[in-house]
Amino acid sequence: MMTENILEVTDLQVFYPVSRKTPFEKKKSIQVLKDVSFAMKRGEVLGLVGESGSGKTTLARSILQMIPYEGTIIRNTEQPQMVFQDPYGSLNPSKRIAWILEEPLRLKGGLSKEERVLKVKTMLERVGLEEKILEHYPRELSGGQRQRIAIAAALMLEPELLIADEPVSALDVTIQAQILALLKEIQKEMNLSILFISHDLRVVYEMCDHVLIMQQGQIRESGDVEEVYFHHKDPYTGRLLKAAGILV
Amino acid sequence: MRYAGKKILTMCVTLFAVTLFVFLAFHMISGDPVTSMLGTQATPERAEALREELGLNDPVLVQYGRWAAGFLKGDMGTSYSYRMPVSEMILDKLPVTITMTLMAFAWMILISIPVGLYAAKHEGGMTDRIITVVNQIIMAVPPFFAGILITFVFGMIFRLFTPGGYVSYQINIGKFVGYLFFPSLAIALPKAAMAVKLLRSSVISEMKLDYVRTAYSRGNSKRSVLYRHVLKNAMIPVITFLGMALSDMIAGSIIIEQVFGIPGLGRILLTSISNRDYPVVMAVIVCIAALVLVVNMVVDVIYGLVDPRISVE
Amino acid sequence: MNWKKIRKNKNFIAGSILTGIMLFMILMGCFYTPYNPNTMDPSAKFAGISVKHLMGCDNFGRDIFSRVLSGSRTTLIVAAGTVLIGVTFGILIGALTGYYGGILDEVLMRINDAVFAFPSILLALLFISLLGSGKYHVIIALGIAFVPSFARIVRSEFIRNKNMDYVKSAKLQGAGDFRIMFVHILPNTMTVLLSAIMIGFNNAVLAEAGMSFLGIGVQPPDASLGRMLSEAQSFLFSVPMYALFPGLTIILLVLGFGLLSDGLKNE
Amino acid sequence: LGGCAGDKEGESSSQITIGIPQDLEDSLDPHKAVAAGTKEVLFNLFEGLVKPTSDGDLIPAVASAYEESEGGKVYTFTLRDGVKFHDGSLVTAEDVKFSLDKCADTSNGGPLVPAFSNIESVTIADDHTVVVTLQEADTEFLAYMTTAIIPKANENPDTNPIGTGPYKYVSRSPQENFVVERFDDYWGEKANIENVTFKICANADSIVMNLEGGSIDMFARVTATQAAELSDKFDVLEGTMNLVQALYLNNAVAPFDDVRVRQALSYAVNPQEIMDIISDGKGTELGSSMFPAFGKYYMEELNDTYQQNFDKAKELLAEAGYPDGFSFTITVPSNYQPHIDTAQVLVEQFANIGVTANIQLVEWDSWLSDVYTDRNFESTVVGVDASSLTGAALLQRFTSTASNNFINYNNADYDTAFANALTSTDDAEKTKYYKECETILATDAANVYIQDLPEFVALNKNYTGYEFYPLYVQDIAKLKLVSQ
Amino acid sequence: MSKEMIRVTDLNIEFFDHERPETVVYDFDLTLHEGEIVGLVGESGSGKSMSALAIAGLLSRKDMKKRGEILFEGVNLLDCDRKTLRKFQGNEIGMIFQEPMTSLNPVKKIGWQVEEALRLHTELSKEERKKRAIEMLEKVELHNPQQVYEQYPHELSGGMRQRVMIAAAMICDPKLLIADEPTTALDVTIQEQIVALLKRINREKKTAILFISHDLSLVRQLCERVLVMRRGYVVESGPVDEIFYHPKEEYTKKLIAAIPRVIRKTEKDS
């Protein structure tokens, strides 16, 4: 049971419409993902690395059924969560942080107000934020603070599958380390599966068991982190590793 | 093109539905055309004869079919009460309503955009506070009370126009437009006030967004940030309102027509409803509905053009 | 909210004071008016402002102050009822169509357009013919006529918001469509909606007055502010006060609500 | 900005703008037009063989002379020479016969003029003589010969009115205006003012503004309050409306089928107080279905039949089985403020005897169909006018079989008296019978009679020459500029 | 040493929009010379962005208070008139923002936004501007600049938007470039190229750069000096190598220690 695949993606294709000048023009579209297939085991941390614009976010969004796609995606879990690349946009501008963090618990139900507040405070502490932030609106936070709120909100529900789109990019290294540790801890604790999108190869190495290397909407290479990092087959992977100073 | 075709088709379907509803409504409300045509002189025999002559004894749907068939052939029928071709009446009044609406719309734009932007630009300042308070009050003034006040102040005290001195556009276009100056203002004022409020708050909330900071960082003046960056974004929620206000003015100018004694479509509609003169009512409603639908369609298109994130479908 | 903040919120304070006064007057009007609002006193015809008649008397010698008190109540009920119906269904339709889009949107919006083009007077007449006359039927008829404008506003705001990431994240957290619509998105449309409600309230007051010339709505001798206002038009020259007081009352009523809602909005 | 009143003075031709409260939403065919508002305007365009004067007499018009014979059974009319229609053609005997026949035609369910059902034949004796023969003698029949003479050749009488009156039709624009100009080939004394525009002032509340602002020069039927508001730029002429305003009771429904209840209501009402409140005491109190313009039939003494007396009223109510009063509905057409105002005062007065009246406003059209046609009502406040200068015009409707007896009045004595009046050829006898009818209506309290409403005509001081008629008409031809 | 370009003394930033006023930056001091690259690192929420915004003259909200002095070429940006400030902004001072997602105007085309500074500060013709803009987009490694020029922000990925921001900030060759976490959203290869680009313009145009980042290794690659911020205070500053090898503050030490390194797990284990 434990090794069952939590996610299976086969032959995924995604197209985006191209904007038109007038409503009377013909529709056009461009293909962003081409024949993407992979599987993810329960409890694994899968890294997704790739150049900017290669379609990582698009892949994440199609897994969560937010955009139309072709191909099959099988999700063996109830409620996957996502940390959005743009944390600001994913926080409701008219609500205070306290409300935003409590919302998932309210939705799940079964907890009293006090229990919820307690949980929120605990989580806030775990992501290294002070309590006074609860009273703020999202626009009053720094980039890193927003990102941590987004992570906290996603973890609030103790999901089985977490898709994290650049979750630590805006964090300074100490907090980054703290958050990564938190993710690891929770991952272990709850056998959480994480699709970890990042461009930071070192962070991916720290975090992930397996890794997918993406370029221009296609998966160039995949496999065990060790394997890919030190015995890569694709030249693109090589370039990435070199740039990151991992390979000399 | 297919998009436009589809829109027009749905528009026609809507129009069809509206006319059918109106037709049915007429058969449910008390009083029939014959009553008002014969007045107190009606005897049951004469009423019956007239009913037969007008075809009012046929089933409702047959009557509707007859009306619709005629309409499609371009024949709007003859007014029961005026005994004149409906098309003539409509053509006579349509320009009045359209001119007045367009003038009111122009007023609304001319007042609301500069004032709204000004208030937003000077948010919290003395002028802004004055504008906001005045605006709140104007919004609270019922349009028809505004009409009375305008008549009283500009018509009776300052003698800037003659109340009731409406001149038909067929006689003198200049005077016609001149007369509509104040009525259109009366229609526009409360709506303009609301547009100011909307625009102001929309601009203010946009001004807090990050892209505004970016615009400043490039050396834009507050003015150019407002006009070149924020305005378009801030207009998005306002556009819907403006479109609606326009439709509202077309459909709802009756009260102001009444106060200022302007013979427009609204008045024709009102009396025709009272007279159960449904060839006229149907025609006016088709006109108003068509105008409203066109406005809605234009708003949708503009909306899509202004906000690239929304695809037009 | 705490006291310190409320004290700084001028809109809220002014709004609540104004609304409070108006509501108190209306409430008082239910139990006590200086005169019976319908009793005529030929000797007091067009009486001016005095200690006996705070706002003077009308053409029947009825005390205007008493009539304003009882008329405000009627007006408040009609206007509030109308706006309530309009807003409730407007939000419902606007939210559904804006959020789901597609065929539902197409159909509901077309119905919406149709209702909009349908003259509200005819609608009211229809209701009166079907249900019989009375204030409550007018509320229903006007309310329905008010739905489209609210629906349009809400719809466009929903379209704007529904593609934002915060909505998607709420969806992931398991919020149902209705919760997303009404708890997550709706507050973000409040700015626009509140202004519309205010104008709607005003229009409702007027529409009720407008209905009176067809003889539906409030029946004389009962008073309503809109009706008093339109009657007063004939006496604008000799007794401008007669138009002024109901007009002023409408303005203060609407202004109070407007300020209050503004105050609530930015807490 | 907007058109100024001053602009008109530059023009050489004389002109006047007259405000009218409602549009001519009607056929312009004088025979088919039904609305009083249409008829009063068309009065200036059309004439019959005879026409009424402001004194209530009939004088020859299209006919130059007439002769009544066989006790009112045969009427012979000699046509006037050289009377022209507005289109320039001469009036022929053919046209006269056509006009009369058209009104007597029953093929469309009843004649256009109900009294014409009495006509046996209309014959052309020669080019200048038309003979009308009746089935039964009617000495009042001449009054119906005011029926307009129209040209046979006109194909669109509904929209293109052609008559022989002092003014001819120019144009109309719905809800805007109705324009006529002087007919220069008029046979009689020509009108003074060349161009006349009837302007529709649908908003009764802005009439004072329109007058003061100069957009209209005259408005007939301003209210007392409006009259009081006018500046001294205007003359306010006072007359009466020539109608019977009453609380009309449906005599067929309970409790109004009980004469004591009707009388009780009459005792509760004080017409003078109503007039004081709604029109500063102006107006003429009425006690029955007859107004003073009918000099010889009018009975002022009937006004005193019921002096306001609440005790008596309560007593009567108790006798009728309503010691605690009852409640009923007054249906009032919403388009005429004086009736609404009257109803409001009535409500207050009835409250004194423990009767609760509720006002229910209805549209004119609903009133016509529900109250007038279907007789589905309890009571209503309206004014009933006379379509011609005959006693029958007011009294016939209360005969039990009359089709327009909307109050369902049913009294055998009344029917007899009325029949006698109709057939009597002697004027004195006729008057006696009509008075008997009036008295029956009053003592029977068929309706709660109130008043003949005052009529105030506001006329700019630049004009003069306005005359009141005992009928519901506006005679524009007599108006003239003061400078003329 | 070369000419002094900007001097910030005793900058304090305080917010008033909550119950208690919050000071988010205390006594910030910074001097930047022509052609110098200075790094600003620190904890998230420590006030880096706020200081940067203040330096770029972009903090003007009424509910906040600023004290101190920011001298740019002899002009105090904190109290000079707006017109002078505007002349600098976009032209002499360029700014790259941290949040590429929201920092672009959603309803304007990329091209329009990139060339805006040119429109405001130069007399270039439309065609020339477009040429420059496309050149710039190319320089920041966008593959299809012609197409991107015509697109709207929501059609780009996060990284692409970030590069658009960079292109827009550098289009006028500013003398001072403030880069608030310019490479966070970029993958390493692009990151490398951007860093190279920054280095090149610094070399060629003598552009001074204030480089805000939390990536200490990047800072080390690029900067000569570095400031470390924590909770609104500059806790440490000095030449990069010194800070890197001889950190004095506990926090700095932690920062350095936390840099993720790829130490093969096999090695780790051993």
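In this document, chain identifiers A, B, C, D and E correspond to the written order of the chains, with residue numbering beginning at 1 in each.
The definition used in the following text is that a residue touches a chain if its C-beta (ideal position, glycine included) is under 8 Å from a C-beta of that chain, and two chains touch if they have at least 3 such contacts.
This structure is a prediction, so every number in the text was calculated from the model and none was measured.
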{"item": "For chain E, the least number of touch steps when starting out from chain D", "value": "2"}
{"item": "Most distant chain from chain D by Cα centroid", "value": "E"}
{"item": "Maximum centroid distance from chain C, chain identifier (CA atoms)", "value": "E"}
{"item": "Chain occupying the middle, per Cα centroid", "value": "B"}
{"item": "Separation of mean Cα positions, chain B and chain A [Å, integer]", "value": "50"}
{"item": "Centre distance in Å when chain C and chain D are each reduced to the mean of their C-alpha atoms", "value": "43"}
{"item": "Whole-Å gap between the CA centroids of chain A and chain C", "value": "48"}
{"item": "Shared-contact residues (touching 2 or more other chains) in chain A", "value": "19, 86, 88-89"}
{"item": "Chain B: positions in contact with at least two other chains", "value": "30, 152, 210, 236, 274, 307-309"}
{"item": "Chain C, residues touching no fewer than two other chains", "value": "125, 214, 230, 233, 236"}
{"item": "Chain D to chain C touching residues, read off their complex", "value": "203-206, 208-209, 223, 225-226, 228-229, 273, 276-278, 332-335, 337, 340-341, 343-345, 347-348, 358-363, 366"}
{"item": "Chain D residues touching chain B - in the complex, by the definition given at the top", "value": "1-5, 23, 25-28, 34-35, 108-110, 114, 158-159, 173-176, 199-203, 206, 209-210, 212-216, 363-366, 368-370, 372-373, 403-404"}
{"item": "Footprint of chain C on chain B - complex, ascending", "value": "10, 13-14, 17-18, 21-22, 25, 28-30, 136-137, 139-145, 148, 152, 190-191, 194, 197-198, 201-202, 205, 236-237, 239-241, 243-244, 247-248, 251-252, 254-255, 269-270, 273-274, 281, 285, 288-289, 292-293, 296, 303, 307, 309-310"}
{"item": "Complex contact set, residues of chain A against chain E", "value": "16, 18-19, 49-58, 85-86, 88-89, 135-136, 140-145, 147-148, 166, 169-177, 180, 199-203, 205-206, 226, 229-230, 239-240, 243-246"}
{"item": "Partner chain D, residues of chain C touching it in the complex", "value": "38-40, 42, 45, 59-61, 125, 133, 212-216, 219-221, 230-231, 233-238"}
